[in-house]
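Two complexes are shown next, each including chain A; its partner changes from chain B in the first to chain C in the second.
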Partner chain A sequence: MASVEFMEVAKSFGNVEAVTDINIAIDDGEFAVLVGPSGCGKSTLLRILAGLERATRGSIMVGGKVVDDLPPKDRDVAMVFQNYALYPQKTVAANMGFPLKMRGTDRKEIERRVQETAKILGLEDLLKRYPKQLSGGQRQRVAMGRAIIRNPSVFLFDEPLSNLDAKLRVRMRAEIKEIQQRLKTTTVYVTHDQVEAITMSDKIVVMRSGRVEQVGGPLDVFDRPANRFVAGFIGSPAMNFLDGKIISSGTGPEFVTESGLTCRLPEGCVRDLSQCASIGIRPEHIDLADEDVANAFNLRISVVEPTGADTMIIARSGTDELSALIKGRHAFDPGDSILLKPLPGMLHYFAQDGTAIHV
Partner chain B sequence: MSPRTGTILISAALFALTLGCAGIVFFPYYWMIVSSLEAASLFEWPPRLVPSNVTMDAYVKIFTERDVFTWFKNTAFVASATSIFCTLVAINGGYALSRFRTGGTTAFSIFILFSQLLPATLIVVPLYVIFRQTGLYNSLIGLAIADAAFVLPLATWLMKGFFDRIPVEVEEQAMVDGCTRVGAFYRIVLPLALPGLVVVVAMSFITGWDEFFLARTLISSQSNWVFSVGLTSFETQYAIAWDEMMAAAVVFALPAVFFFLFVQRYLVSGLTSGAVKG
Partner chain C sequence: MKRVFARRFDHPELLPLWLLTPAAIVMSVILIWPIAQGILLGFFNTRILNYNAGRYIGLANYEVLLADPFFWNSLKVTVYYGIASMSCTYALGLSFALLLNRSLPLRGIIRTIFILPWAVPEVVAVLIFIWMLDAQYGVINYFFVEAGFLDAPAAWLAQADLAMPALVLITSWHQFPLALLILLAGLQTIPREEYEAAMVDGAGAFSRFIHVTLPGLRSVNVILILILILNSFRRVTMIYAMTGGGPARATETLSILTYNTAFTYQKIGYAAAIGTVLLLILLVFSLVYFFTIIHVKRDA
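Right, the complex of A and B next:
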């Protein structure tokens, strides 16, 4: 078990900077998730940590020791790849036992630990099979088994669930989290799926274009996003953004969008009204307004998506569009006009450059 | 004509075509065997497809009067050495071309392939001069090196193709699991490329086995003759001992046939798929 620290890490491939100025500290036993859209450099960071790539600048510490010059095998990290990377010519048992074999563990001990690990993962009956005889979920488990069997300092997961179907993904998500909590091994997990990131992590690192946008606890990042990118990326369905400006009217501050929508804002919402260039509202923080109150938007419905428990409504006015997740079932039709109001205190304010303005 | 009759007719026609092709391919071998068993029949018209006076005289003769065992031994040595040289270089070269991307990798790969296009006749004279100067002339090892050099471009490309299909993650996983890069290559990657390896071994072995042009040029003493060169000794100034030559040809071909039968299973899977599912 060990802490992990990225210090000023940068990596370029030719002229392309894949990651720059990365500073992340992950505590011992913590479950850290690197999340961001494809190509943001999260996998590159993981590969640098594993020793499969060399950082162009900066340093990485595992357990307080600089590991920059160590080959992957000497870093005491275990990795699970997106395509599982099982050895096709080896049985499940041989796959799981391989890291131990490479460390010179004796055969009896390997057998014992393979059995023990197989039991944890429910693979006892599959030990003699070959990877091609397994389903996706089973392969995933074998890859997990191969990682946990040698009790490494750090687990590295590179989008391990993205090849599974939606249902299995949810189950494996819980299983990985459970195993990590039981073993208390420091984990660095890469995903582009923000739901995975929020549900699994103790710490989220949101990345974009090779840079870290925000590091924090999952709810922190959700509740207090550092900028418009993080706000839009974290949370599903995604946050609505309205561009415009705040003006002060006689009755208090009011947000006016470019296409003329207006909405009354609570007093003291932003210290400097002129700074605010857009507001963000999460779809689940929008409710129906009964009458044309001053803090509601008057919109026309363009799409109604009943989800069963809730109703998702996409409504427009000019170039402005809002999606709202309304509790319960509602009989709306496209073309109807609708009054939507943001829940008080749930608005996010952003400056021109996209950084969040916290009150 | 009902569709069913049509299908049967098409099947019959295809079967006949296949049979015809097989006949064209196998007839020379059949004729070789027939001729080795009955010398007189070779130039008769109409040809006698079934020999009437079968005799093993030609076989007895080649084993008693000719140096067949020496040819055999030399050929086996050259073929094995060619196969070993070629395989060792091709697996390492193919791996390097597949995995390490530096500036000139692609250009170099194509250059290698182009060298395959050069005919042996173009290279044999310089090769002769070099071999004389380096003491490789008239040595079986020298011949094996020359043979290997001719198979290498294709063999390297073949191996590169096989390595390209093995997911790099499997190898990286092995490195994280405790292997060095070399260890990962030999323990994980190479076993996965086994079908390709068999193709390269077979191809280089057969080239070393039946190559004639280089063997004729680079070997001078009779004690170093390989089988393909030995076969020409049946042709003298005044006569050609066809039955003996054919008998020797049968003996010469047999090991290659058995070798192919043995590796055929891998060869087919190697040539057609070679795919490795991760």
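Right, the complex of A and C next:
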């Protein structure tokens, strides 16, 4: 078991800076998820931690020890690759036993641990098979078995679920989390899927263009995004943004968009009215307003998507667009006008440069 | 005329037969007919002079063959040459393939240079090597003596125990580009993640070679080794130009024995019998090759 720390880490490939100024501290036993759009440098960071790439600047500590000069095998980390990277000419048992064999463990002990690990992962009946005879989910489990068998200080996962179909992905997500909770091994998990990130993590690191945008607990990041990028990236369906400004009217502060849409805001909710350049509202934080009230947006429905339990409405006014997830089933028609109000206290405010203004 | 065509196309299932016929005729004339002739000739005591006087003598050629020490010597030489040249060619090819599989500066140019030996005609290569191996002027002798491997310049091609190593040397020099190309292609199919997984799993460079590289080359290896052995059994030009099978039959492989028997000793019936034995050996290898390829294809 060990903590992991990135200190001022940067990596360039030729002239291209892949990651810059990375400072992340992951506690012992924590499940940390690096999330961001593709090309944001999250996999590079994981590979630097594994020892497969060398940082151009900065240091990495595992368990309080600087590991920059150690080869992968001496870092006591185990890695699960996106395409599993199983050894195709070895059986499942030999694949899982390989890390132990490389460490000179004796054959009886390897056999015992393979059995033990296979039991945890439900692979007992597949031990004599070859990777190509397994389904995607089974291969995924073998790759995990190969990682957990030697009881490393840190698990590294590089988009391990992206090759699985949607249903299996949800199941494997729960399985990985359950195993991590049982073993309490520090885990660094890379994904581009923000749902995976929120559901699995103790700590989320949101990245963009080689930089860390925000580090925090999954619900912190969801509730108090540091900027517009994080706000839009985390959460599904994605947050709505309206550009505009806040003006003071006789009845209190009012938000006016560029196309003239207005909505009254709860009084005294914004400390500095002048800085706010846009507001954000999550679709699930929007409700129907019964009558023509001042704190609602008046829009025209363009798309209605019933999801079964809820109804998703996309409505427009000029260049402004709002998606709203309304509880229950509603009979709306495209073209109808609709009044939508943000739930009190659920608005996010952003300055011109995108940083959040916290209330 | 029209009627004939119309009638033919009444049976579309026969179309493939019609399309294959020309190729089948050509194959029979230039391949199957000579082979059949050769096998048949093995049952006659034909000589080149007065060719038509040859008589049918049943299996007499084969009886002589089994008691012929030169035949057994040849078989031994063939096996020795096959295994030695295959091993050296493979080792050279694999070394350079591993080298070229890394990211080197000027990799494209280096690769082209390494392919060049293969483009040199066999006879030209042999002439250069004979010159290099020359006892008086040869550069190889010069280096070996200077480096202390030899006390005095050796007459490589005139000594029974040195001729075969010299032959293996030139064969592997000339043939290794083939091995290099095939092995390089094989190496490039091994995913990088497998190496990275092995690194994280604790494998050093040697273990990665044993557990990732070699298994990854397995299907390519089988095919390459069979091709190299097949080629060495069939090779005539290079050996003939280099030693003619000598000295003292030290490099007389079955194909050279066949050639010498036919055209030096003019016993063409007997030569045909030797050739038939060689044909059977090659046939076995070809069948193994054929079924291996089918197996490899199915695996993929």
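Everything that follows uses one rule, which is that the second predicted complex is superposed on the first by the 359 of 359 C-alpha atoms of A that agree within 3 Å, B and C clash if a C-alpha of one lies under 4 Å from a C-alpha of the other, contacts with A are read in each partner's own complex, and residues count from 1 in each chain.
The rule is simple: a contact is a pair of C-beta atoms (placed from the backbone, for glycine too) under 8 Å apart; a residue touches a chain by one contact, two chains touch by 3 or more.
Quantities reported herein were computed from a predicted structural model and do not represent experimental measurements.
Visitor: Using the superposition on chain A, decide if chain B and chain C clash or fit.
Guide: clash
Visitor: May I ask you to decide whether A:A50 touches chain B, chain C, both, or neither, giving the answer as first, second, both or neither?
Guide: both
Visitor: May I ask you to decide whether A:M102 touches chain B, chain C, both, or neither, giving the answer as first, second, both or neither?
Guide: both
Visitor: Between chain B and chain C, whom does A:Y130 touch in the aligned arrangement: first, second, both, or neither?
Guide: In the superposition, A:Y130 touches no partner, neither chain B nor chain C.
Visitor: Should A:P71 be classified as contacting the first partner (chain B), the second (chain C), both, or neither?
Guide: Touch status of A:P71: both partners.
Visitor: Jot down the residues of chain A that show up as touching in both complexes, chain B in one and chain C in the other.
Guide: 50-52, 71-73, 77-79, 81-83, 85-89, 98-99, 102-103, 146, 156
Visitor: Taking the complex as given, what residues does chain B use to touch chain A?
Guide: 167, 169-170, 172-180, 183, 188, 191-192, 276-278
Visitor: What does chain A use to touch chain C in their complex?
Guide: 50-52, 71-73, 77-79, 81-83, 85-90, 98-99, 102-103, 146, 156
Visitor: Within their complex, state which residues of chain C touch chain A.
Guide: Residues 191, 193-194, 196-204, 207, 211-212, 215-216, 218.
Visitor: For a test of understanding, state which residues of chain A touch chain B in their complex under the given definition.
Guide: 50-52, 71-73, 75, 77-79, 81-89, 98-99, 102-103, 131-132, 146, 156
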